[in-house]
């Protein structure tokens, strides 16, 4: 197999760590560079002892310099950087001929004014938005194959969009009634020294946060609106729970007039029957995060409540797997012609 | 202080343990009896080493025999028994002159046919339903004071009802749009040998369950309907998360036509300003279970989302505290003339 | 009851939080001041929402200024400050007539050169060492009653000393063979923004640290040597485990020549039979941290292994309870004439 | 690659689940049979939803019948059964021409009387003990290659033996002074419905158990004695901590007369330099379970304390990985001529 030289920019956080885990084990990848301002000069294995003895783990972190990254011969770069910062380095790497898979929010929104509304500053590279592809492989495989810039979706959006999109496309649920409740592991908040993320602050705790307008709402509503063919506005309530990894999302919406409950299952089946990373659990079966952690799977179960005429969608994914690093590698596989499950067959 | 001789029937589960914790420390209580079929003959402290050296913890568990319980001189009995079983012993104890605070579902529903629908068997004591008081002290203090049979509410219902009732009474939210998502600690599932409750099955796991028609829906809708003055049907999705204790509930509903967002805060303030166990966090402040575990508090924050016109209610309580044992003791205090916070001042 | 005006200096960490919890609930205490440089001006309940609605929790944090503290009329001060910092403010408060209970290491060591060896800087107040009493109430109740400066013991030392001291006094174990292994909850590392203490770094992790010469060794060996009547040097290996609170310690030592296994139990019984906070579990019964969290108890079990001639001592305490705040309050009760269990009857 | 048809007997517990995980992903294995009395007839993916969509996961559990297992064409069988039960089926499978890798204790002890002493019943197959090989691949690779019956070591023994054996062989530590303290995740206790293993009983808990004579002592001492060339008796104290997987062990022993501290590191390096699954962390570096979970690595750090003349060995492994399933697969690779890391390259 022809190995693709690959860089991870911003590899010392939790999404970066997951990308390292996946790419060090990907048979089609040669990890050419991993950057971290604060860990520059140290081998990967010194920062993440978990990777010691893995082939490639003696590579040293480098500064995130576009020329230096390009000089490694890297053909592809994953960006696991804060929004605002990612756009600039994405442009520099694109100019140097790399394909870029950005895990930040910088290229997820088609409309720069929505970016400004939700992220609080002007979009740093509006000219690149046109070519950026929102990288949900189950939805845009063909565009991803042809893209040189992927905006890999956020963790919450993935868990909400994949169950809902097929239903909206078929107009099976009433878009005005959508409420999504998510519970996320603490890794989703990042690897930063913050008292609120200490073990003793998160253990034995469950709490909502970021209401009513979490940043991820912007991309959620963009994609739901595309699928529905009309503007969709939803309620989204994220919660933090004491697990390291995993998101469980429960989404409710009214069944549309004229739709039948069994249409829900049929729509999901039709949309995902051939998808390697979507596992449909069927009617009445809840999804459990413990079955998907460290994998690229999203598990989806559904239920219908005749008493309220509401559909329930229950999904589970690993927030740093299918919700971040795994999904980005899934796009990478499409872009570079690998089999979909290459490097993603974690059990 | 005149101490009330008190029995706990079914004291070897988690609600029973919480009742033991509270009553052993209640200055107005003399624990006269604690029953457990499987632990009969053993001192409380042998089954729960946590209570060793507490005054009263050398009392031995006894069989749940009504005559034997009455013979201890007990004036009050807390029942922490499975539904179906509780009704029978409640009747026997009432006949022997005890006041009964039942933590099971047996007396929570006014309509025995709803009981049959949700619990799957005929109501075991329909003639007692009339006098049973649904024991939400913030709602029915006067009736509780006069009652001899209290149906202490379920853990989920408490976390959903207290934030919602004042809004429904004032018609501030549209009852047809209510969706409640709850996350519960594992103690809520009881202290029973069941593989699905093992540490390794619950740790690093988050999952919905019991959809779409969890048994607690029956009492939730009963009480919501009373407050709304019309039949209310809601969606309720419980989830299990890896904490020992605590329930966090997020409830959403559309703001009613004509209502203003600030009416929400005002209604909560008016309802609970003088209540010792309700802490109103105000607008935009989520409730965190870690602030209420091992207390009888329920914390309530709220938010309004103008984009969707939805109200968000965020509540947190200890599922075996305010959601079970604590609330039962709160009723007990009313029934026996103690100060509301007696025995419940846990920090 | 005559209430003692009391200050907590450094009340925004985990030991400070536990002191707040205990003193807000202590019937003999009026909390007159709580200091925190970073939280000055905020009410206690804003920093620790858990305490909201507790009487006294609307007190605002103040700067740690000795004059301001004295001006509140405080008669006693608990110091929950870093070593090195505590000594200075202790002196200032003593000069202003307060009794001081210091939870730092500053006054625990009789010999300032040992302090320098273990803490890496010159002792900040060697002239005060003579009058400081190492505050293990089970060992030095009389001196504590008479003291104006208490050096409250460290969390690890408490869990090691209480089981061992009676055995060394009677020469039942060989001091040269002592090995103590401890497992501590993460609260023991403090409430500081440090990546290594993040939820995701501590969850699903168990690791030794601070070997071979943890700072607590200095006070452990000092107290063991006093009991043995000869210099004692031991091995002590602390470990971090994913619980919020609790220390479990297993200590092994060879049974001394001439001693009998049953002497171990007898020595423990004799030492602690009348002690309200020591629970002797007997031979063969391990101690479990879950039975002591949020209490001032230390549970002690023991075992003897004839195959190796080793005694095993198994102890459990709450590291911020009996290992910090609870024990400090225990000394306070002695100093101010309260019943030993006043304010410490947490179940 | 020629795939070896393989059976897992007793595949519904946690070790069985780990074997499933490893063998479903092993490129040299065709999973021919998985047995479970209680799950017989169900597909693997129904019992373990985590494995859904993995190739092979639709295989149905079957009854543990030796003829039926042999009829699948299986050439190798892993036994994850209780001791006592394993021996009988091992014999039956050997008679049918399979190679057997037994994860129970049944063939670990050379001396059947020691088995009787520690396991409380007569050895069920003493005639097979001679040919059984205690399967520590780092110690007996050549014998494992030639064996048809492997007794795969216990989880605790692996974590204690690998660090100690090289030191005893070189007489660098005094065997009479060995004390091993281990902390294990709850999966080590098995997947059985037992109240003591419930989430609420293990969470926020740390406790010793099985003292002073845990069953694993028998194999620990057997192997240590072989290495030392003399009978070795040690103290071993296991503890249960709230993690799903992982064992951290700290072992102390006096440095032998004439040995130098640096000899420790040198002995470990010499023994394990070429070993793919032993990671030597060097002097002063503790091992952390979070770096080894779901891998076949054992991490080993060491320290020397001149104050006590004690050596400290700190090891970490996954109790169901290197401590059970992974190690068994490591032997399997040797027996069937695969590369050592085949199927074990989990990151």
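As written, the chain order gives the labels A, B, C and D, with residue 1 at the start of each chain.
One rule holds in what follows: a residue touches a chain if its C-beta (ideal position, glycine included) is under 8 Å from a C-beta of that chain, and two chains touch if they have at least 3 such contacts.
Since the structure is predicted, the reported quantities are computational estimates derived from the model, not experimental observations.
Student: Among B-D, B-C or A-D, where does the A-C interface recur, judging by over half of the contact pairs matching in residue number?
Tutor: Answer for A-C: the repeating interface is B-D.
Student: Which chain pair is joined by more contacting C-beta pairs, C-D or B-D?
Tutor: By the number of C-beta pairs in contact, the winner is C-D.
Student: Mind checking the centre-to-centre distance between subunit A and subunit D? Centres are C-alpha means, answer in whole Å.
Tutor: A distance of 37 Å separates the two centres.
Student: Where the centres are mean C-alpha positions, what is the separation of subunit C from subunit D, in Å?
Tutor: Averaging C-alpha atoms per chain gives centres 39 Å apart.
Student: For subunit B versus subunit D, what separation do you get between their C-alpha means, in angstrom?
Tutor: One centre to the other, that is 46 Å.
Student: Mark out which residues of subunit D touch at least two other chains, giving numbers and ranges.
Tutor: Correct list: 201, 203-204, 242-244, 288, 290.
Student: Once bound in the complex, which stretches of subunit D touch subunit C?
Tutor: For this pair, the touching residues of subunit D are 177, 179, 181, 183, 201, 203-209, 211-213, 233-235, 237, 239, 241-246, 248, 250, 252, 284, 286-290, 293, 303-305, 307-308, 310, 312, 314, 316.
Student: Using the touch rule from the top, collect the residues of subunit D that touch subunit A in their complex.
Tutor: Per the touch definition, subunit D meets subunit A at residues 21-22, 24-25, 49-54, 204, 276, 279, 281, 288, 290-292, 294-295, 297, 299, 345-347.
Student: Which residues of subunit B touch subunit D in the complex?
Tutor: Of all residues in subunit B, those touching subunit D are 14, 185-187, 191-195, 197-204, 242-244.
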